[in-house]
Structure formats: structure tokens, C-alpha cells
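See the structures that follow.
Paired with chain B in one complex and with chain C in the other, chain A is shared by the two complexes that follow.
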Partner chain A sequence: MTKRTGTGTGTGTREPAAGRPVSVPAGSGSSATEAVPLPAEPSGTPQAVPPGPTRRERGKPPAWLLRTGTGLLLLALWEAAARLLGSEFVARPTAVAAAIPEVLVTETFWQDAWATVGAVVYGVLIGAVAGMVLGLAMGRIKVVRWFFTSYVSGLYTLPMVAVVPLMTIWLGYTSETRLVAVALSAFLPIVVTTADGSRAIPKEYLDVAHTFRARLHHIWFGIALRNAIPYLIAGMQLAIARALVTAVAVEFLAGVPGLGYSILQQTRSFQQNEAFVGVILLTLFVVGARALLTLARRRFLPWYGR
Partner chain B sequence: MTRSPAGTGAVPTARPADPGPGGAGGPRVVVSRAGVRYGDLTVFDGIDLTIQDREIVSIVGPSGCGKTTLLRSIDGLTRLDSGSVSIDGTVVDGPTPGVSMVFQHFGLFPWKNVYNNVAYGLKLQKAPKERIAQVVPEYIDLVGLSGFEKAFPHQLSGGMQQRAGLARALAVEPQVLLMDEPFSAIDAQTREILQFELLRIWESRPIAMLFVTHSIEEAVLMGDRVVVLKGRPSHIHEVIDVGIPHPRTRDTLKSARFQDVTAHVWDLLMQDVIEAEREVG
Partner chain C sequence: MFATERPARWSVYALSLVVLAVVWQLAAIEAGTLLASFTETMARLAELVSSGELGSALWASGRIFLTGLALSIVLGLPLGLVFARFPLVTAAVETYVYALYAIPVITLVPFILAGLGFDFRAKVLVVVLSAIFPILISAMEGARSVPGRLLDVAHSYGSRERQLWADVVIPYTVPYAITGIKQGIAGALVGTIIAELFLNATGVGDLLIRASTNYDSAGALAVTLVISVIAVSLMGASGAVERRYARWREGLSG
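Right after this comes the complex of A and B.
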């Protein structure tokens, strides 16, 4: 569908390339014949105008189709490779698809799924609240920033997986270990982003607040925290991905029951297709959570760039 | 009208007989021997300036001359290194009640709609809810933003954002209004509209106003007096009595007096530019 109307000579698009007639490739849609000649620009002057905005009008397939198509193609390649080269113990897309309904009706699958996803949800919430408190303090109080910065950035780069065996010594092979590890791995990106966001307040906001004789709590909670929200959302997106990695790693390493653990068990007992259903669910969870956050940002922070 | 100021000679002071709006209400702001340093660099020094009630004082000067810093020190946002500012006889030591500021880049909170941005000062003052509900719409209306109460800053043009910024500053009913290049981020046509609207608003409720700008025409149009800052460190080079009575209209721009004063200020400022270029060349 082109958006070009009969009267429009280049309206709605940014400066189309001078002298270049808008020729729509055949089979691109209803208005393909409506090739509107552009206003008389000196033709032949090759002006480097990015063709970006007109791309859609030239009838390329929509983005979702390309994306889905790419995904399907990859699945087809996988299927073919598995059939031709792999042993029977290599999971295949068709076999995984066939396993989905069976797996979805088992009660243990949902128990495991909730154990892992629940730990991630609670862990991220705990980590986010604690991270916001420390992040805000680090953003606004010099001494706190000075004291914590190196520790936070050090821990931030440390893979949480490396500490999991140590945690099992303190907390045992329990779901508490998983919750603590998840909360900790969510905590750090939230601290970093909240600290940045509450520190990087446009000076004019502070001038306005001071002119009206704002008190400290007005600046902290009315401005710093508000200003940090887009940063916080970015931090949450990082946190969720990290938290899930940690949750699954704890299950692997400490044998805590959950989706990660059952994936491991199923793989070891040649139920590779069933195991893959768990992988898909985890992927969907992360993708869904991130999409929700993006949605929240667009809905509640419309002034913040897309 | 008046004699044309020859060269850099002082403009004859021609005060309107009627005191009305345009000064003569007693001193509101007294700046005395004020100086600000940044490290080794002295921005300005020895500034003496009095702003009367019901008077608009414009400050012009080359960029970097410390106009904004001077304004900020009157607002209590920047500490003076020497001298003092007092407002209604009280020495300024931080932001003072009764002083409002309009900012160059509007300073609206993007997460608040127009209504809540305008109400911000009143809310910080813990004004009673009924008062906020009564006053805020009044000022939104005064600046011509009725119907945009629920709009967010990013949905408004620069001109409309600054209208909101002005309404926010006025809503606390200040005795002193500080304007920091309020229209410099706004396109020329809108800027002219806003200049005259600001004059109308001020004429309807004249208060002491300090107007910092880098536009000579704007300084002369808005000001009852124009303060020219220059030099390094900068100091008050000259204070010019504009002597054009209120209300000022678009015709003011065409008046001989306006042209004369503008030309005079222009000469004062261009001297520096020419000298600076000579030094470089």
C-alpha cells in the first residue's frame, strides 16, 4: 500500500531523490500505476538523498513477513540438516512441534515452569526495588557513589554463575539459592542504570526545582527517580535476561527443580524434543517480558525516543 | 521625537511623565558590587543595579559576558563571590520566595502535563488545593493555553512550551520575574508574538522584571531601561533609559526613539566586536 495520494507530489515523504521518478515495481499493490512524476528538478543532478522513506512505497514485503519468513527458513534448514546429518537424538522442529501438546498437558511441566518463571519474577522485583534504592542513592549522593562504584561495576561484570557453587554452601541446594542468585543478578543492572538516570538530570530541571525552593525529597522522588524511569526500564530489560540465565544455571548446577533442571534431565534421558518445549517457553517468557517493558515505555514515557 | 544619539554618546533620558507601569514603585532588587569568579576567570565584577517595582530592566551583552550568571545570582541559584543581592531589603542567600524565573529551554518536566507543570511551584509551596484549582487555569488562560491543560510538553511547539513556562513562573504570583533569554529558542514569528503578549501580560499586572537577552531589539522593546554589559571581566558599561511609554505595540518598533536607542546599543556592543577583530587580525 502506498500512501501517496493523487495530489501529492512528494508530500508525506522527506525530499525524494531529485529527478528520480518514483517507479513502483510491478505487483506491489493497487496504486502501482500511480507513478507520480516529481516536481521539475534539474534531472541528472545526482543528489545523495537517502532513499529510506520511500522504501515501503516501492512495494517491498512488510517487515513481519520478512521476519517470519527468515525464521521459517532457518527452521527448514535445521530440519533438513537434522534429517540428513544428525542422529535420531538431535531435536527436530517437526518432532518438537509434535511434542508440544503432550508436554503442555503434563502437570509437572507447569509446576517446573512456574518454579523458574516465578523465581525470575520475584527475583527481578526484589532486585529492582533494592537496586533502585542503591542506584538513587549512588546517583544523588557523592559519598555513596564514591564508595560503591567500583564494587558495583566489579560485581556487574562478574558472571553470577561463578558464585552459584559458593551460594549453595551458604544456602544449600534449595530454591532460596536460586531466588537469591536471581535477585542479585537483576539487582546489579538496575543499580547501574538507576544511578545513571538519577545522576543525569538535565540541569534546567534542577534549576526549576530550586527556584521554587524544592526540598531534597522533591528532587529525589519528584525528579531524580522520575528522570531515571527510562533508564530503569532499560535496566529491567537487561535484568530479566540475566535473571533467567542465572535461574537456569542454578537449576543446572544445584539441581533445584524447575524448567532448567527438567530440560537437563530430559536431555539426558533422550527426550530432546520435550526438552525443547521448555526452551521455547523460556524464550517466549523473555521475549514477552521485554515486549511488555517496551510497551510500557511507549505508553507511559511517550516523550522518550522510540 | 528625540534627538538622534550621535555615535556612542549617551541617549538623552526621556521618561514618560506618567509613572504608571514602567518604574517608580520603589526598589525591589538591589545588586551591589556583585562579582562572580570561575576559578581564575572573573566573569563580572562591581555590578551595581537597582530594579524598581513595576519596571522592566533588560540586560544585553556579548555571549559569555555573564548576563545569565547575573540573573542566576539574583535567583539565588549561583552564589556571588563578592558583593550582594537583596530583594525587598533581604540579602539573597539561595532561592527567595516571590522570585520566579523563566528559562531559556523552558525547563518543563516532560512527565507532567501543562496543568501539572504550571501547578508545580504552587504545589511545592504547599498551596491549598482549592487555590491551585483556581489559580492554575487562570494563568493557563492568561498565556493562551486553554484547552491544552492535559497536553504534554513534547506535544507542544516551542512557543507553547514557553507559554507554559511563563504561566508556571507567574502562577506563584511573584514580585520579581527573571527572564533568561526566554524567547531565544523560539522561531522569529512566534518570538515576536510572545514579546508583545508578554508586554500585555506585564502591563496588566506590572511587577519588577529582569529580562536577559542577546537581541538588542528585544532588549529595547521590552525594557524600560537597558543595561549594557561588556568588557572582561564584564561590568555595566551603560544604562540606557529607553523612555518609550507603555503600552508598547508593533508601532513601537517603527518609532524614531526605538530606532535611536537600538542603534545606540548596537554601537556600544559593536565597538567590542570591532576591537576584538582588530586584535585577532
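Right after this comes the complex of A and C.
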């Protein structure tokens, strides 16, 4: 099984484990989940050798110092570039920092933030439930897999932003449109990863299950679904980022109130610094939500590795 | 087993397409003007093709896509290699690479619009921002996971840094780079659509926005369908290349 781990954590050099069914992913090669590394499988395969030469250890400044220094340098460069370009049109770090406290006390900021983030959270939950059902069915039943493969992989590959104009035709310029679009863009990666996960069951598990005459529901919910949970989590991590892009796209295009729309409004009225606070909040939301999911996996499924 | 499965699989594929066409047609009759039927959509597609509208839109958007992707590859790969090969640089920049990657590019579009306008360069910038990070990060991961064993052997045989790069680091990174480029293509597609819709609407973005505001669901469906076909073929092709080189990677790691 050559599960690509995307920008993974050095698990790219795994060998196919013996006895595990080699599976072509359901979405015809779409299993390489973009930014989210799939968790390492619970096997004893050795991890990649630590990188780099070891002969330069001496006299090395500590990593935190380097990191802080680079951060300050980047901020200084940004500040200088912004001042050079004309500060009215460009957000700059000092002004953004100054804007943070006043933006955080405005009520509309939190209303907008909740509108967008809430839509993403609800959408991802809807997408996760629906995606899990279809993914499990696609992973376990061949006919279902064959039937839906072309649609799922076609829609999974299509940038959802391109579907937003169609959705505004069908559903109008409302916040329901945002929820539907968000749920759809969350649904697709979750279907793909859950299908992979419920399909890539180690053969020994199934053999044991058959030996003990396990019923179908035991195999489905006892083995397949459990095997799919780490994949589901990886799918949700991917879904959150995609869903947020879709939510902001609907807000831009349909003028639905939310943080994306307020960013657009503020940049139009030369409040670049205030608007950038919104970008920071949305970025923190994506990072935080993904970290929370990783944490949950480590806590509840520690055998799936880091 | 596989020989007997194949006809069944293909007939299910065919069935799924037939079901789509039928459901689509029935839903269109039910929905009226909101949803164009399959036949109407195809007719509109033929119209867009023959009038040359679709061709010129695809060319306009394709230029942005290709320029942005090419820039991302040319900048991303060497940067990734350099970042990874020098531990001090890695320690300094890694956090920021991931932090920048985490920013949803679409939220930066209003800033780009206000600061740089909506010309070709601004649009290419959106594409680069969407595509460069997966490429850069994959190159970094690749160069960092070169087994110490290989480096040791090269050192033992007296490799200089330049030879080390040419014979070990770069070849070892190729499969990772290909994976990164594949993800970069996916990112560039999204970036192109975002740029074409939300900086001023040109190319396919213009077609989509016009169809949407005119409630021309046949036009919107036709364009979306074309984008989908392009996306699937691009990802299919790059997936095939990726699988070829993935085999190479497995061979090396042994």
C-alpha cells in the first residue's frame, strides 16, 4: 500500500506491509490528501532517518532564537515594504497590532466571526456525518464504490469555488447557500478518506472476523469504521480548510454577512489593518481546529502514531 | 478474479452516468428555469465553443494558471531544498513556512485587490500564493529525509557539497517534488478560479459570474463542467507521473 502522506512527517518511505491488500484508492489517485498527512499506520515500520549532517552541532545558536529573529526580520521587512508602498492601501504589522484591541471589542466583529466560523463548523459536521456514511458504503460495497467513484473524484478534484456561482443561482444570496456550499466542500474530502480507510483493512482482521463468523454489521462498524476513524480525522482536517475557503467565497460573491464579507468591505474603505485582524482570526481558527483534531486522535487513538 | 470483475465494473460506471443524465433531465423538468437540463447544457456548451467565448476565456485563465504554476515551481523547489539542507535555515524559517501556508489565500484577495489592483500580475500572485507552499514544503520534506546512510557513503567517497547535491539530494527529492507539484497544481487551480472570480472577473470567472447574474444555469453548468474535466485530467495526469516516481522512491529507500 503506497499511501502518500502529502507533506507528511517523513513517513514517505514506507514499504508495503506484507499481507495488507494493495488498494487503488477509490477516487482514482485522489487519496493524496493535500495538506493533511494521513496518520502513520499502527505498524512497526521504521521512521525516516533524522536529517542532515551532525557535524555542525557545535556553536549553533538555539532554535528559538533563530525563529524569533527570523520572525522579527519578516515583520520588519513587511513594515518597510508597506511604508514604501503607501500605508493607506497596505496593512502593516505595527498598525495591525494597534488595531487588534479596538477590533476585538467591537460586537460586529464577533457576530461576523461567528457567522463564518459557525457555518464552517456546522458544515463540516454535516459533511462528516454524510461523508462517513457514503465513504463507509463505498469502502465496503463494490457496486456502491463503482457507482459513485466518478462523481466523488470528479467533484473532489473540482475547486468548489467554481461551484459557488451555480449555487447562488439555485439557492439565492443567503446564508443557507453558504451552509450548503460549505457542507458540500467538507463532504467530499471526508468521503474520499473514509472510503480509503474502510477499504484498507488489514487482511488478517477480516480473516479473523470470518473465522469467528462475524456478522456484516460487526465488520462494518466494528472493523471498517474503526479502521476509518484516523482517515476520517485526516479528511476533516482537510475539510476545514476547504470549507473555510468556500464560506469566504460565498460571502464575497453573494454578499452574505460574515467575516469574509467584512474583510472585503473594510479593505474597500481603507481599513486594511482592521481587516487583517479578521485574516488572523480565520487563520488561527483553521490551525486551532486542525490541532484539536490531531490532539483528539493522539488522545483517543494513540496507537496510530503521531 | 479481476478479469471477471471488469465488465461488471464498467457496466456500473455506465449505469451511473445514465442515472445522472436521467435524474438531471427529470430534475430540470421539475425545476424549470433554475436548472437547465442536460441537453440544454450541452447545447449551451456547443454555443460557447463555437462562438469562441469559451476558448478565449480558457486561454486567458490558462495563462494565469500556467504562469503562476511555473513561478511556484521555479521558486518553490530551490527554496525548499535550500531551506532543508542547512539546518540553521530550517530552524529559522520552518515555522513561518507552515504559518504562511495556513493562511487561507482567499482572505488575502481583498488586500491584493486594494494594494496591487487586478491586472495579470496580481492574479498570478494569487496563483503563486496558492501553489507555492505545497511545492516548497514537499521539497523540504524530501531533502530532509535523505537517509543519513546515503550522505555518509557520499562523504566517504569524498563528495563535495556540489556533488552531494547533484548525485544524492536532488535525485532523492524528485519523487517528493513531483508529489508537491501535483498538490501545487491543485492549489493553482483553486487560486486561478479565485483570482478570476474575485479580482476583476475575466476568463472563466467572467463566464461564471455573467451566467450567475443572468440566471443562465445552462451556461454556469457548462463552464463548471469544463473546469471539472480540466481539473480531473490535470490531476489524473500528474497522479500518473507521481505513481511512476513513487516506485522510484520505494526502490531508493530499500
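Methods note: the second predicted complex is superposed on the first by the 233 of 306 C-alpha atoms of A that agree within 3 Å, B and C clash if a C-alpha of one lies under 4 Å from a C-alpha of the other, contacts with A are read in each partner's own complex, and residues count from 1 in each chain.
Quick note on the criterion: a contact is a pair of C-beta atoms (placed from the backbone, for glycine too) under 8 Å apart; a residue touches a chain by one contact, two chains touch by 3 or more.
Bear in mind the structure is a predicted one, so any value in this text is a computation, not a measurement.
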Quiz prompt | Partner chain in contact with A:Leu84 - chain B first, chain C second, else both or neither | solution = neither
Quiz prompt | Touched partner set for A:Val105, first chain B, second chain C, both or neither | solution = neither
Quiz item: In the superposed arrangement, does A:Val163 touch chain B (first), chain C (second), both or neither?
Solution: second
Practice problem: Report for A:Leu216: first if it touches chain B alone, second if chain C alone, otherwise both or neither. | Solution: neither
Quiz item: Looking at chain A, does chain C or chain B touch more of its residues?
Solution: C
Quiz prompt | Complex contact set, residues of chain C against chain A | solution = 5, 8-9, 12-13, 15-17, 19-20, 34-35, 84-85, 87-88, 90-93, 95-96, 99, 101-111, 113-115, 134, 137-138, 141-149, 151, 175-176, 179-180, 182-183, 186-187, 189-190, 193-194, 197-198, 204, 208-209, 211-212, 215, 217, 220-221, 223-224, 227-228, 231-232, 235-236, 239-240, 242-243, 246, 249-250, 252-254
Quiz item: Quick one: in the complex, what on chain A touches chain B?
Solution: 204-205, 207-214, 218, 223, 226, 229, 301-304
Exercise. Going by the contact rule at the top, pick out the chain B residues touching chain A in the complex.
Key: 72, 75-77, 94-95, 97, 99-101, 103-107, 109-111, 120-121, 124-125, 152-154, 168, 172
Exercise. Provide the residue numbers of chain A that touch chain C in the complex, in ascending order.
Key: 2, 4, 6-8, 10, 12-13, 15, 28-30, 32, 34-35, 48-53, 56, 60-61, 63, 66-67, 69-71, 74, 85, 89-91, 142-143, 146-151, 153-155, 157-159, 161-166, 168-170, 241, 244-245, 248-249, 252-253, 260, 263-264, 266-268, 270, 272, 275-276, 278-279, 282-283, 286-287
